[in-house]
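Consider the two complexes below, in which subunit A is the common component and subunit B and subunit C are the respective partners.
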Partner chain A sequence: MTVTHTPNGFNLNDAGRRVIVDPVTRIEGHMRCEVNIDDDNIIRNAVSSGTMWRGLEVILKGRDPRDAWAFVQRICGVCTGTHALTSVRAVEDALKIKIPENANSIRNLMQLSLQVQDHLVHFYHLHALDWVNPVNALKADPAATSALQQKISPHNPKSSPGYFRDTQNRLLKFVESGQLGPFKNGYWTNPAYLLPPEADLMAVTHYLEALDFQKDIMKIRTVFGGKDPHPNWLVGGVPCAINIDGVGANGAINMERLNLVSSIIDRTIDFIDQVYIPDLLAIAGFYKGWMYGGGISGQSLLSYGDIPDKANDYSAANLLMPRGAIINGDLSKVHEVDLTDPEQIKEFIPHSWYKYPDDSLGLHPWDGVTEPNYKLGPNTKGDRTHIKELDEAAKYSWIKAPRWRGHAMEVGPLARYVIGYAQGNKEITEQINFVLKTLDVPVTALFSTLGRTAARGLEAQWAAGKMRYFMDKMVANIKSGDLATANVALWDPETWPSSVKGVGFTEAPRGALGHWLKIENTKIANYQCVVPTTWNGSPRDEQGNIGAFEAALMNTKVERPDEPVEILRTLHSFDPCLACSTHIISPDGTELTQVKVR
Partner chain B sequence: MIETFYDVMRRQGITRRSFLKFCSLTAASLGLSPAFVPKIAHAMETKPRIPVLWLHGLECTCCSESFIRSGHPLAKDVILSMLSLDYDDTIMAAAGHNAEAIVDEIVEKYKGNYILAVEGNAPLAEDGMYCIIGGKPFVEQLKYAAESCKAIISWGSCASWGCVQAAKPNPTRATPTHKIPGLADKPIIKVPGCPPIAEVMTAVVAYLLTFEKLPALDKQGRPQMFYSQRIHDKCYRRPHFDAGQFVEHWDDEAARQGHCLYKMGCKGPTTYNACSTVRWNEGVSFPIQAGHGCIGCSEDGFWDKGGFYERLSDINDFSIEANADAVGGTAAAVVGAGIAVHAGLTALNRSRKTGANQTGAEQQ
Partner chain C sequence: MNILLLGIGNVLWADEGFGVRVIERLQKSYRFPDNVKVMDGGTQGVYLVEHVQTADVLLVFDAVDYGLRPGTLKRIENDDVPNFLGAKKMSLHQTGFQEVLAMAQMLGCYPQHLLLIGVQPEELDDYGGSLRPIVRAQIQPAIDMALTHLQAFGIEAETVSSDGDLADPVLNIQRYEQERPTASEACRTGDDRVLMLEGFQLRPPQPAGENTMQVDVDYRGKY
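Let's turn to the complex of A and B:
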């Protein structure tokens, strides 16, 4: 047994029973979680491990920087596009390429539509089953569900008892088949589920409705990028041309295409306002007493910012999504963030399956080294291909530990919203105050599992509104006679300097995302990504600071250790994306290129 | 027909009494009253949905994301009414041991009667530990699930060819399904693309269920109905190619007129997929229509076939027909495909008949 006090304020005690969740499901990619619980079933030690690694950046070495977006887009098909956008920004930063205003608006429309769809799918299809019991919905009186719906969302036209009865009948038939498909082996008799049947029926109905609707949001990206997931992007702008007068929608963006996008934006705003937000508040209302999962959200938060209002200006003042860092829980001071400062962002690997020339030192992404080093600690139970229990005193994850000025940071919607709130961002403050007032909870309630989930919903609402803003802005720009969508002045690699470096960033749905690259003699010499789940899912660092996932699990009570729904709730509240987090690779890649490929 | 759950249990020597006990346990585990027991029993005796284990290896989940974008059928109808998606770590409620137990249960109870859908691929370097499920290499789970399945669907370019993590130098030795050493010899349907088109994915599933056989596959194992023609063959911009009208620079006048993207690196002439016919996201558009060339994402090794903006060098501007046909060699491949498909189908039919006979014997 060991008891440790971490520098970031947690007391770890591994004496109690070890509970293991692997695979953690309803996330992107693969992760494992181990916790120790005490005699009262309270989590006293938490270990989060990324269990996949793909090595994408070494694959990029020597390739054309203009192609990089397509490779890195495949880091993740859930937050599809956000890596591609980050990549084209990094290349444009390196080569000092300016993009047209229309391209900026179109990129923002694509990125915002991702925010909305990803948050919606996360809430209903990845997270809801932690709070909503579909089996319990069978016990509901559809008339009571109808009354609840009309009370919480008076403008939602789909609220009749018959509408909910239809869903209930379908669900009944499904359950009676005995083949429960995705609902099989859930914890449906666990007392941690608190919704009354009528609320469960409402939420399950919207689970299905949201599944139908989310695909329409992404059609915006198909109009501009040709397909989704994984639409097409372009260094210097966007690939789609605009031609309002000369050719049909099959040739370029014209009135028909603009109308399609515009109608989807309107329906998206309605869906978020009439379904997502009312459901979120209703469900949260029943779980107000469950205030676990804050972790480091009340202490250390980071956001790079995103959604440039005007093209080519990536300063904090021009970014509609907030940028900054909060440390030591001091909301009165939001620190400036500089991605090029070697002292700010560093990655550590003493507990990650990599090796550095000196494992104890952190490295800035431009100077990073990554060499895989899969090695288990002496106290691991099991063996190297059949792990029963990890040894967290040694290396235990394919995720590195990035730190901002030495601090483990939480990133994501809650980080963005708290930073925006601390900065006095008017829209964000109004949204947060509305939620706090509706639920009748203090601002400290934000620092919780539910706070994370609520911030995500509010951000979806904000993003839907901003889609309308950029649509109108683009139409006004076209009306003024500007049709440009791409700047090709520096398209030809022969026009490039021999050695440049750049950094691009976005706020991915899951949090701050940065790509650092070096271009030498027109080819990629180094490509490095630090992604949201690397921040949130990081293992311990050399100081012993635990990461955001681990911190958020601490001190949570687990009602039934064999049915750890509480662990899933908190992990899911971060919307983990493991494929994103676990692919970082060395700047020179020399070691890896020696791996024998049979 | 697929055996019912009851048939399978009986065939395995389970008594009716035990079967009913199972049904009441199922009801109890859901917190349902005993009144549900006969209904569950009735459903299991009569009409099962085919179980699907949807495994995820090294991948980006774009295939799953594409699948849920299907407009016809809707993903919810596939999941609720067409098949029984018993394991899919992206959406399943269960986690940890409860999730792993489902794989065991399906493998045991539906031996030879479930579909294995694979998204992503298995890394073979580092003893497979670049992708760990339940503390063990993903490749173990894959081989275990393949052993008793009826057929395998390799979703997307990862499972079909290797895709991005297998691009040079393939640091993890990411290996597509059909190349996994020691994998059970089962019919494999490759549905490549990064990702595949949503309606292509659901059509493949619907075809299996509706016609109760594998779709006709080409020599490379892809359904002919979606992969037997190049994007170029049915591209609506083809007349511009034939007329020699090309986009020369992004956003030039030709781009605004919707001319051919061949000179911008379009891989449509060498890419077999249904993008120019089915199109994407319920027919809204496809890459070429939105102004970017095809990057060839459904082709084997497309990451290593030159830059996405490099003009295809083996296509001659003036003799496209002769040259393009030579590039694919797939017209010939389709003929050969019939044989491979036939072999696969025969195997499938054989296993189905065997199952039916055994069931008959049990009932006698």
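Let's turn to the complex of A and C:
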């Protein structure tokens, strides 16, 4: 037995039974989680491990930096556009390329549309099943469901008893055919599910509605990126011309296309206001007694910021999505963040399967090294190919441990929202106050699994509103006669200095994303990505600070140790995406989650 | 009648890219009537639902493990398809294509005709690598199979020669292969715990020996 007090304030005790969840499902990539629970089934030690490794950075070596976006877009199926945007920004930063205002508006529209779509898909299709029980929905009374719907969202037209009866019948047909489809592998008899059948039916109905609706949002990226999946990006701007008087769906952007985007934005705002937010508040109302999962969100939060209002100004004052760092839980001070400062962001590897020239020192991403070193600690159970139990005192993850001035940080919607709240951002403060008031909970309720899920919903609402803002801004700019979408003055590599470096950043749906690169003799000499799940899923560091996932699992009560609903609920609330945070290799899809209790 | 020709897979993982490479060749060498859509689906999961929903006839190209000899083409139709798909996929939040089909079904829009043209991969664990020759040689036969199938729906393709790429030209198979960094510059293999998993055994068994157990590959210290 080991009892440790971590510098970031957690008491770890590995005496109790060990519960292993591997893989953690409904996420991108492979992740394993091990916890120790005490006699009351409360988690007293948590270990999160990324179980794959990728060679992303290294396959970019020697390539033309103007092409890097096309590669990073293929890393995974989720953040395609965000990686591409981060990559072109890094190259523009290195080469000091300025982009036109229209390009900035279009990029923001693409990024915001991804933000909205990703949050929506996360809430309904990846996370809802941690709170919503579709099997229980079969017991619901459609009339009572209709009444509930009208109460929580009076303006939603789809609320008749017949509408919910239809969904229920469809669901029944699915269940009776023996193929639960996306609902298989759930723990549908677990007492952790608290919704009445009517709320379950309402949520399942919206699961289907959201699935149908999210495809419209994607069309925005088809318009501006030429196609989707895999829209086009361009160093220096965006690869689409504007010809406002043109016609047709192909070629330059014209009024017809802009009107299409505009109508999708309106419908997105309606869907979020009438469906997503009411559902979120209704579900949260039933779970507000379940206040687990805060982890380090009450102490250490980081956001790089995003959505530049004016083009080419990446200072905090110009970023509409908040930028800053909070440490030691002091919300009265938001620290400035500088991605180029070698003293701020460093990645450590004492508990990661990598090797540095000196393992005890952290490296800034510009000087980052990705050299595998798969070694297991002496207390590992199992062998190198079949680990039964990790030894967290040694190396135990393919994720590095990034730290901001030595602190483990949480990134993502909750971090952005708390930072915005601490800075007195008017829109964010109003949204948060509305939720706190509706649910009748104190501000500290934000620091929880549910708070993370709520922040994501509020951010989707905010992002939809900002899509309207940039749409109007761009149309006004076009009407004033500015049609520029790209600056190709520095397109020719002969104009480039022989050795430069740059950093690009965005706020991906799941958190702060940075790409650091060095260009030598017109080719990529080094490329390092520090992705959101590297922050959130980080293992312990040299000082013994645990990462955000690990911290969030601590002290949670698990109703049934062999059905890890609570563990999945909290991990999913981060919207983890390990395809880029770890080094992917396995395309193995054979998985039912295996839960082992030892 | 809407017809969708969809290639899925990850081009960065050797034979995993088969479906996408078939689409690349189709785009370069064929032209179809307007009701036929040719799509590089990459590793998108949920986001492909809408395209599946709107298709009356769906043809999917993919690398799928049937335990056959590498390079074998396999044709699977209609109700049998979900049973074969998605066993080894890297896709949106582990939403395999199976689940995409299930979602389309729940939404009440499912293709009337579904054909999967799959190839048995030889190698997947080669990051940044391209199709193995034996798999690459099946691109044209897979296309021929698709064209024959489409004739039943009255669709005739016109052959053309185009330089256009659907994806960014840097991912064009020739450039992708030629510009690949050397093995000493860029580590190409992965975590052997994963490689040794049963679900991942596509290669003949490795001779027992110390090397198969080592993750410390020989490319260390080069970058």
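In this text, the second predicted complex is superposed on the first by the 578 of 598 C-alpha atoms of A that agree within 3 Å, B and C clash if a C-alpha of one lies under 4 Å from a C-alpha of the other, contacts with A are read in each partner's own complex, and residues count from 1 in each chain.
FYI, a residue touches a chain if its C-beta (ideal position, glycine included) is under 8 Å from a C-beta of that chain, and two chains touch if they have at least 3 such contacts.
Owing to the predicted nature of the structure, the values given are computational and were not obtained by experimental measurement.
Superposition of the two structures on subunit A leads subunit B and subunit C into a clash.
Applying the stated contact rule after C-alpha superposition, one finds that A:323 touches neither subunit B nor subunit C. Applying the stated contact rule after C-alpha superposition, one finds that A:129 touches subunit B and leaves subunit C untouched. In the superposition on chain A, A:473 makes contact with neither subunit B nor subunit C.
Looking at the shared chain after the overlay, A:370 reaches subunit C, while subunit B stays out of its contact range.
Shared-chain residue A:208: touches subunit B and subunit C both.
Once chain A of one complex is fitted onto chain A of the other, the partner contacts of A:236 are limited to subunit B, with no touch recorded for subunit C.
Comparing subunit B with subunit C, the partner in contact with more residues of subunit A is B.
Touch criterion not met for A:351: it reaches neither subunit B nor subunit C. In the superposed pair of complexes, A:384 makes contact with subunit B and with subunit C alike. In the superposition on chain A, subunit A positions 25-28, 30, 51-55, 58-59, 63-64, 67, 70-71, 74-78, 80, 121, 125-126, 170, 174, 179, 181-182, 208, 211-212, 214-215, 218, 227-230, 232, 372, 374, 384-387, 398, 579, 585 are in contact with subunit B in one complex as well as with subunit C in the other.
Those residues of subunit A that touch subunit B in the complex are listed here as 20-30, 32, 51-56, 58-59, 63-64, 66-67, 70-71, 74-78, 80, 121, 125-126, 129, 135-136, 138, 170, 174-189, 208, 211-212, 214-215, 218-219, 222-232, 234, 236-243, 246-248, 250-252, 260, 372, 374, 382, 384-388, 398, 483-486, 488, 491, 562-564, 568, 579, 585, 592-593, 595, 597-598. Within the complex, the subunit A residues that touch subunit C are 25-28, 30, 51-55, 58-59, 61-64, 67, 69-71, 74-78, 80, 121, 125-126, 170, 174, 179, 181-182, 208, 211-212, 214-215, 218, 227-230, 232, 353, 355, 369-374, 384-387, 398, 526, 577, 579, 583-591.
The touching residues of subunit B, when paired with subunit A in their complex, are 5, 23, 26, 29-32, 36, 39-44, 47-49, 51, 56, 58-66, 68-71, 74-76, 79-80, 83-86, 88-102, 123, 125-138, 163-165, 167-174, 194-195, 197-198, 236, 249-251, 255-258, 275, 280-282, 284-292, 295, 297, 303, 307-309. Per the touch definition, subunit C reaches subunit A in the complex via residues 10-13, 16, 39-50, 86-96, 99, 102-103, 105-108, 124-125, 127-128, 166-168, 170-171, 179-181, 185-197, 199-200, 213, 215-217, 220-221, 223.
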